[in-house]
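Quick one: this structure, given as structure tokens, is what I'll be asking you about.
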Amino acid sequence: MRLLTGRVTENAAVNAQVFRMGVRMDEPFEFSPGQFVNIRVSEYDVPLLRRPISISRRIDETTIEFLVKVEGIGTRQMGQWSQGTRVDLIGPLGRGFDIEGFDKKAPLLILGGGIGTAPLKGLAQELADRGYERVYVLNGFKEDPYGKEDFKCFEYRVIDESKEPVYVTDYLLSHWGGIAFQGVFACGPMAMLRRVKEIFREGEIPVQISLEEKMACGVGACLGCAVKIKCGNFQHRYQKVCVDGPVFDASEVIFE
Amino acid sequence: MRLLTGRVTENAAVNAQVFRMGVRMDEPFEFSPGQFVNIRVSEYDVPLLRRPISISRRIDETTIEFLVKVEGIGTRQMGQWSQGTRVDLIGPLGRGFDIEGFDKKAPLLILGGGIGTAPLKGLAQELADRGYERVYVLNGFKEDPYGKEDFKCFEYRVIDESKEPVYVTDYLLSHWGGIAFQGVFACGPMAMLRRVKEIFREGEIPVQISLEEKMACGVGACLGCAVKIKCGNFQHRYQKVCVDGPVFDASEVIFE
Amino acid sequence: MNPLKTDLNGLKLKNPVTVASGTFGFGREYSEFFDLSTLGGISVKGLTLKERLGNPAPRIVETRSGMINSVGLQNPGVENFIREEIPFLRQFDTRIIVNINGDEPEDYARMAQILQRADIDSIEVNISCPNVKSGGMLFGTDPEIAYQLVRRVVENTRHHVMVKLTPNVTDIKVIARAVEEAGARAVSLVNTFNAMAIDIHTQKPVLFRKTGGLSGPAIKPIALRLVYEVYEAVSIPILGMGGITNAEDAIEFILAGASAVALGTYIFVDPMAPVKTLEGIEAYLKEKDVRSLSEIIGKAHE
Amino acid sequence: MNPLKTDLNGLKLKNPVTVASGTFGFGREYSEFFDLSTLGGISVKGLTLKERLGNPAPRIVETRSGMINSVGLQNPGVENFIREEIPFLRQFDTRIIVNINGDEPEDYARMAQILQRADIDSIEVNISCPNVKSGGMLFGTDPEIAYQLVRRVVENTRHHVMVKLTPNVTDIKVIARAVEEAGARAVSLVNTFNAMAIDIHTQKPVLFRKTGGLSGPAIKPIALRLVYEVYEAVSIPILGMGGITNAEDAIEFILAGASAVALGTYIFVDPMAPVKTLEGIEAYLKEKDVRSLSEIIGKAHE
């Protein structure tokens, strides 16, 4: 993790709320899928704190892409950045998805919900590059789905809930229930992640979920981004989403 | 005074610290020389308070010009406004220069110091338009003087203190001391205004000085912009720079 | 039924949006921007028995998301106010809240007497002004003095009495309870926080009076916590303020326990803010299908 | 001679820029951004006798120019700290300031004993944490308790003892004098302000623990005033903090009376802020032709 600068290469609307932003870093930038950066929004400090945004995918050696949904004052300003705007970020941050040790020919599942699909793009790309042959992707959106063309995978299904009122987790059970996934990667709303954990609870297969929590430092110093993690049978402790995550083993996370 | 909007028509550097900004208001805009507006700098409220800026002159029925010196966070941002930027301002505010009742053929003096020359441009223009024939203008700058071409007057003298270390008030005494001015208008640093008051103290002629004080509301509600004014022989009271000024009769102002 | 109407224990407001003392003059200036009848109430610039000149300049300095003022209660005195300002304010369909201040506890009682015959809706007893040499905030930090002072005001008036509390205390609940016991019908909070700024070039405090009162968005989180605490401590209603900029802020105060709110500093930034805040609250109630404001007052405590 | 060196009554710092407890972990994270030997001192995350889990999330919420935290003293306990963190920190040429916290006054004395043998430079007695159920801030609001607590710590250690004061009091001078009398060698101030935010959609407080501590640029004007007041009340030196973002802010605190300063929240915004602040102070001293920092400490009082 380092304090780095770059410049916006393009900023394009994906739908009414989401934009795709390319940033060329001033030096080569290494990361693994699922990692994020902490972006300074304004030199005038409104908002004060940096905003954590996942790295969606690599464009070239120095250029990375973000997919951002406008939620409030920080993301709104980022959406207005024109080409050439200077970007000040700390990254890469956190532990991304663990893609070691899987069988290249057995099925893997990627589940995304809304803007949670952002880090999954890079994940799918990486898995494809590494020669995984049977990557299934299932993405759900409340409306205006996007990203279809970006996923490199064996099978891709997108659900537009405004037209087809079904959750990805339900679709999964009813349509892909028979597939013997060897691993699951998920990112999306808490309710979805909780449900994913339940669905795969009894199985032996690893389920990796990417969590969000409010962050101040993004580097592990403030202890702001606590997530409750199992610790022995009846106890818990807190881990930091920013350095111990954002990707966690679903079986360890205590949802409340 | 009203809450009005307009758009930046141009923003050009005058020297390293000063810029000239044109703003076309969304509707015709009336004002008199010496009045000012209170400008909202950022929709994100950094800085929080509006910034008072004199109207330098009229460009056309709806377009006005400002001359702004970069001092801090507010003026720096204004200097970055590109053509088309939306401007939110309250104005016109305050009491400008009183130019009634002078003899069109007798000499009038305008004294400016640095950015204090801003409202004097419009004053000189107005006096010329009204047919005053003998308007003398004397402007002093620490360095990098500007504005020569903008003053419509009978006699114009500019002092660049970086080359000619003399204050306008000294120059006035040594060079124009013999002229029987019927009225004086001055705007500039406090030290200059105080000296102007001293110079003309014994005379009968009216000296109008434009003052600055920190402002919050700009409309007379907060009582923030107090200036000490004589009240009887031994007493004082406070007036508001924003509504009772910014132009005051020098003989009434108590400098401390 | 009007879902916006609210009641500060006898002071009935047609809506919960008021403007804070000292930030709205006597209403004249902002009447040029919008119809003052839009407001639930107007708290006028703090008055004293006799006219006051106020402090020398500089009186204000901006800080991050806030400002410090040391106006020092410049005002025409209560008698001039009654004569010159009430007739103007009465043109509008809104409540007149009269903010009173004194050097001695007895000054407050005197002012209450003088205001007896005046056509006003509430007396706001300011025991929290940090910008005067004597009195002011001092009274608001000692529960015993606060009790006696408010008691005397209540005894001397038929008007609704509200007490304005200072945030510069260890435990605001103690003061709130004291003034409730003394007969206050409502409390308003918060006043400004003692604060200062230093000019690093002159190496002196920026304000002539060295310190002043901090207001604006910066203080909102502390003000909100104080309203939340006071709501649990007393049973009289609260007029909440401190850094409110829009409907969202106002609703936070209402959920914390305020029956009405006041905008202050932010009016300087956007004169239309009180109007927009009112519209936003109205939209929120509609969206949440709330029939009456009272349903959500203090709801964050549930 | 080094114009930057400063002395907190026995705790000698090579320069006045330190980092505030809880905002810098145990130094490991930010050591990846700059050489920690740049700093005058490091105050570590608040410790307790035994390991603490801290509060459930959400623990932080941003406000205008500030943030509220309710971390709740998550820490590994003092023994683990001594074993695992001191060796790391000692690699750097900087002062180690150990922030201690307790549920009972006696906890502090116990921790002081445990720290006796530890290789540290100062103990910062935190009697001002608003984010724990018992103890913490309570001790910092009562001069008598504060006196007794600090006295016991001083009796139990050979180390330099500094006391961290809470701003949530009516009169901070009283507390400052009490801890000075009890033998504190210095005071550090301010800790965070009790504050809250409410989510208007859920209609509940945002933080799990409802309230937390406000820090960041928003509080600077109040913190500065408190430092200014304490400087006039005690003769022990002050470590000043609260919303410092750059050299200009730091110099304001020094002029108000701080012998050294700490950056906190702003490090999250700009990890290089402590380094830039130090450079800026250095440039200021040069520009003003000041030979030693001590010449300008408290200068705004003249």
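The chains carry the letters A, B, C and D, assigned in the order they are written, with residues numbered from 1 in each.
Here, a contact is a pair of C-beta atoms (placed from the backbone, for glycine too) under 8 Å apart; a residue touches a chain by one contact, two chains touch by 3 or more.
Keep in mind it's a predicted model, so treat the numbers as computed, not measured.
With steps allowed only between chains in touch, the distance from subunit C over to subunit D comes to 1. Summarising the inter-chain layout, the chain whose CA centre lies farthest from the centre of subunit C is A. Centroid to centroid, with C-alpha atoms defining each point, subunit B and subunit D lie 47 Å apart.
Averaged C-alpha coordinates put the centre of subunit A at 56 Å from the centre of subunit B.
Rounded to whole angstrom, the centroid-to-centroid distance between subunit B and subunit C, based on C-alpha atoms, equals 36 Å. Residue positions of subunit C touching 2 or more other chains: 64-66, 217. Shared interface positions of subunit A, i.e. residues touching 2 or more other chains, are given as 45-46.
Taken as a graph of touching chains, this assembly forms a single closed ring in which every chain touches exactly two others. Which chains touch which is summed up as A-B, A-D, B-C, C-D. In the complex of the two chains, the subunit C residues touching subunit D come out as 63-66, 68, 141, 168-171, 193-198, 200, 203-205, 210-211, 214, 217-222, 224-225, 228, 243, 248, 251-252, 255-256, 284, 296, 299-300, 302. Of all residues in subunit A, those touching subunit D in their complex are 1-3, 40, 45-50, 90, 213-228, 236-238, 256. Contacts from subunit A toward subunit B in the complex involve residues 42, 44-46, 73, 77.
Contact residues of subunit D toward subunit A in the complex are 22-25, 28-30, 32-33, 45, 53-62, 64-67, 69, 71, 74, 216-217, 245, 265, 267-272.
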